[in-house]
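Scrolling down, you'll hit the structures one after another.
Both complexes shown next keep subunit A, but they swap its partner, so subunit B is in the first and subunit C is in the second.
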Partner chain A sequence: MRKKMKRYFRLYRVLISQFFKVIMQSKVDFLMGLLGFFFTQIMGIAFLYLVFQQIPSLSGWTLEQLIFIYGFAQIPRGIDHLFTDNIWLVAWRLVINGDFDRYMLRPMNVFFQVISEKLQPDAIGELLIGTILVVRGIANGTAQMDAVHVVFFIISIFAGAVIYTSIKLFFASIAFWTKTSGPFLQVAYEMADFAKYPTEIYAKAIRFIITWVIPFAFVAYLPASYFLGVRGTFGFGQGAQIVGTECLIAAIFWTVAYALFNKGLQIYESAGN
Partner chain B sequence: MRKKIKIYLPFALNELKRQLAYKGAFYLFIFISLFGSFIQYFLWMAIYGSSPNSTLGGLTKEEMVVYIFMVYVTSNMTMITISDWVSDDVVKGTVAMNLIKPIDYRMSLVVRALGTAVYRMLLPGVFIWIGLEIYKVTVLGLPLVSIANVLLYLMSCMMSFLICVLFDFCFGMVAFFTTYIFGMLMAKEAIMSFLTGQLIPLSFFPEVVQRMFDFLPFSSIVYTPVMIYLGKYTGSELLFILFRQAAWVVILYLLGTFIWKRVTNRLVVLGG
Partner chain C sequence: MIEVNHICKDFISPKKYPGLKGAIKGLFSTEKVVKSAVSDISFTIQDGEIVGYIGSNGAGKSTTIKMMTGILKPTSGECRINGIDPSKKRKENAKNIGVVFGQRTQLWWDLPLSESFTILKEIYNVSDEDYEKRMEFLNEVLELSDFFDRPVRTLSLGQRMRADLGAALLHNPKVLYLDEPTIGLDLVVKDNIRRAIKEINEKYNTTVILTTHDIGDIEELCSRIIMIDEGKKIYDGSLERLKDLYGSRRKVSMEVKQYDSCKKLKLAEKLGVSEEDCRMEWDDEKKILGVSFDKHKVQVPSILNMVMEISEVKDIQIQETELAEIVKEIYNHGLHAAV
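For the complex of A and B:
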């Protein structure tokens, strides 16, 4: 087992170092992509800022708190985006083109091969802005951070990233049956935008969907509100409850998505001639 | 003129047919883009609920609902991205083929975009529009939009379509210098969604910034037609606003011609 792990780490290093060479070759493209995502997020913040010129608080939330939630939401999203962006290609192209063949031929875990083929440098734009906003929130005292919170914080962003990856993998795996599943994946992925704001502003049905069906609320809003300590929810118990549920959801979704992916591998047929 | 129509009409028809062929994907995209409008809707409802005033940025809560969904209808119809067609043509080198054919490359792109615009106006534009009007009259208790406003709105939309496409053509010229246009497109879309009034009515900006926007073409793309639809402009102001749109069409047309000449002079296409 340990030997196997070691081998995969080494392989990942080799594969990713190839990728870094590509980035170094086209620095302008890298900067452009980074700026693209950076600007998209900045505009979201500017929107909140303008709105708060007119109102003192939004359903009891202050501007600083909303910015923290917004920033926090970007971090798990960015981590997932950085490491597993190639899953999008499975949904859009690889299965229908028959390019997926090459993964089936190598003596390596297939999922590992899919994600190790690419790092998405654009995600650094999201991670950057997320980190800036979260640090800012901690610095100006909006969010609580002591040793316990830091531990929960780290667990939470990784569980959040796993939830993202699982949702992507699940919808991408549908492509094994339908040949392409890009639009489905896109619908599911865009649901995440709802979780950038406090979920109580939405109608009940939407709130239910983003909390329990496609659980993006657990990726962003719920853990973030714990760190904000709103309504006295910053004790150890509440943290364990929210982050614990998040981890449980991450585990369940990962298991289901990975099972579906493996099932899909079994019925995969090449599109070749 | 008739000959011109005969030459360029097939571009629009082809685009229409192409769009119809991928209906399934398209409906899902409509669904996704409506997500954004619904997030905005709930957000604005909460904002108005938290505000002591009944009007924000010159709009009442009911008018804001109309604003949000008309922004969707308008931008969906007028903001057609042609710069990725340009970049596609440049990267693949097919732009060379377009240069040797006796047609105007930009004209063919504009007409192609028009095909898309017409399709999007029919689907889902008109349906959302009608749905919105019904909702407006029955639930929000606002009067039905007047015929004059609809006509003015459509006229304004036509010009905003031209402004947007002509601007995007200039923007697409970037593809001659870099091959990875995706990031640029994202940055452009983000900035434009802000400057055109898609994200928030421009009346929310500080006075100074609003004056600055008067000198940019972007406010003419979404904000202007939607405000015309809401009946916010009258008399000489309305005339001025429409005139400003027309002026931008001319300016961007000339600018596009100029850049295109410069760029094609230094173009090198390998292989083919």
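For the complex of A and C:
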């Protein structure tokens, strides 16, 4: 098992370094992608400022708190975006045009092959903005951070990234049955945008969906609100409850998504020449 | 050894109806269309054989190969490649096989070829020592060094195919699958590729299974051919036997002076054979009389004698049936009772 892990780490390094060799050939693309994401992020924050110029608070939330939630939401999203962006291609292209064949011919785990083909540097924009906003929130006293919080914070971020990846993998796997599942994946992924803001501001139906069906609320809003202390205490029990539920959701979603992906491999039909 | 036992592959797709109305109807209908791409194919291939797997477009060649390589799971039946069932142990099987799809490269498109080989070395866990040895051999037979540092996307089709073949062989696979390896190549490159395949087969006793539409590939490489049509196996045996069975027809064409009087001639009747064994064809424009006959039943001189009794013959041509003709004949009419 350890030997296997070691081998996969080595392979990952080799494959990703090849990927970098390719993207470095077009530095302009690389920089444009990065810049584009910075602009998207800045627009998002500008939007919050504009809203708060009109109203002093939103369902009891202050501007500073919202900025913290917004920033927090960017981090798991960024981690997932950085490492598993190639899943999109499964949904849009690889299955329908038969390029998926090449993964089936190599003696490596197929999911590993999909994600090790690409890193998405655009994600650095999200990670950077996310980190800046979270640090800012802690610095100005909006959010609390002690040793326990830091541990929960790290766990929460990774569990959140796993939830993102699982949702992407789940909807991409549908392509094995429908040939392409890009539109489904797009809709599901965009639900995540709701999680950048407190769920209380939404209608009941949406709140239900993003909490329990496609649980993006657990990726951002719920853990972030724990660090903000809005549910009363910053206690250990509270943190364990929220982050624990998040981990459980991550585990369940990953299991289901990965099982569906494997089932998809069994019925993969390739494409004619 | 490769064992293929009664494999079938069905593709199921929702039923489609014509027109816009039909498209809407299709959305709500649950009717399915089952297309059987491969039905009940079995064969056994020994180590070191080169087998040509042939059939017309859509006959199910690629589907069979994809099942043997682990890309597709058979609907029923099973393959065993050196004892491993690729549908159950895909990764293990993948270590022992090399695959080249003529229409689709498996190399890293934007990277120099040398990088592709570096990656493959890691993926297949080839030791430095083996790598050196392999590369030396591959360079020798495929002459990769000419373009080893160029990005794959800049290679010509012939270079790319050589590169793909080399990449598939780096880990010294026991079985090599080639799906139309010479498609679109010029004659010189075709020849190179064929020679390389032959050398690899001889030196490493690699089993080779190749699909092709190029009769030259078969004649030069394959000791055995398996022919399929509409998903069913219709022939399995040596090339010689196929030629014997189907290549027994010959055709003699004569340019005759008294064309019209020749038209009255009833050759088959006079030679005492059936119409099928001695068929006459007329080319009124060029005034050429063609006789297509079975070489085991009718001799050329006796035909000539008959004709020359009636008319003066200005020119004669005798044609053997070529393999390409045989294959075309089989594709068009299926296999006759002859086999």
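Definition applied: the second predicted complex is superposed on the first by the 271 of 273 C-alpha atoms of A that agree within 3 Å, B and C clash if a C-alpha of one lies under 4 Å from a C-alpha of the other, contacts with A are read in each partner's own complex, and residues count from 1 in each chain.
As a working rule, a residue touches a chain if its C-beta (ideal position, glycine included) is under 8 Å from a C-beta of that chain, and two chains touch if they have at least 3 such contacts.
Only a predicted model underlies this, so the values are computations on that prediction, with no experimental measurement involved.
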Side-by-side fit of subunit B and subunit C on subunit A, or clash: fit
Which of subunit B and subunit C A:Gly244 touches, first, second, both or neither: neither
Partner chain in contact with A:Pro56 - subunit B first, subunit C second, else both or neither: first
Partner chain(s) touched by A:Gln186 [first = subunit B, second = subunit C, both, neither]: first
Superposed model, subunit A: greater residue contact from subunit B or subunit C: B
First, second, both or neither for A:Leu15, with subunit B first and subunit C second: second
Following superposition on chain A: angle at subunit A, subunit B versus subunit C, Cα, nearest 10°: 90
First, second, both or neither for A:Thr40, with subunit B first and subunit C second: first
Touching partner for A:Phe194 - first (subunit B), second (subunit C), both, neither: first
Which of subunit B and subunit C A:Ser270 touches, first, second, both or neither: second
After fitting on chain A: smallest Cα gap, subunit B-subunit C, Å: 10
Subunit B and subunit C contact sites that coincide on subunit A, given as residue numbers: none
Residue ranges of subunit B in contact with subunit A within the complex: 24-25, 28-29, 31-32, 35-36, 38-39, 42-43, 45-47, 49-53, 56-57, 178-187, 189-191, 193-194, 199-200, 204-205
Contacting residues of subunit A [partner subunit B, same complex]: 26, 28-29, 31-40, 42-43, 46-47, 50-51, 53-59, 122, 182-184, 186-187, 190-191, 193-194, 197, 201-203, 206
Complex contacts: residues of subunit C adjacent to subunit A: 11, 58, 62, 66, 69-73, 90-92, 94-95, 97, 99, 101, 103-104, 106, 108, 110-111, 115, 118-119, 122-125, 179-180
Subunit C-touching residues of subunit A, taken from the complex the two chains share: 7, 10-11, 14-15, 18, 21-22, 25, 98-99, 101-102, 104-109, 266-270, 272-273
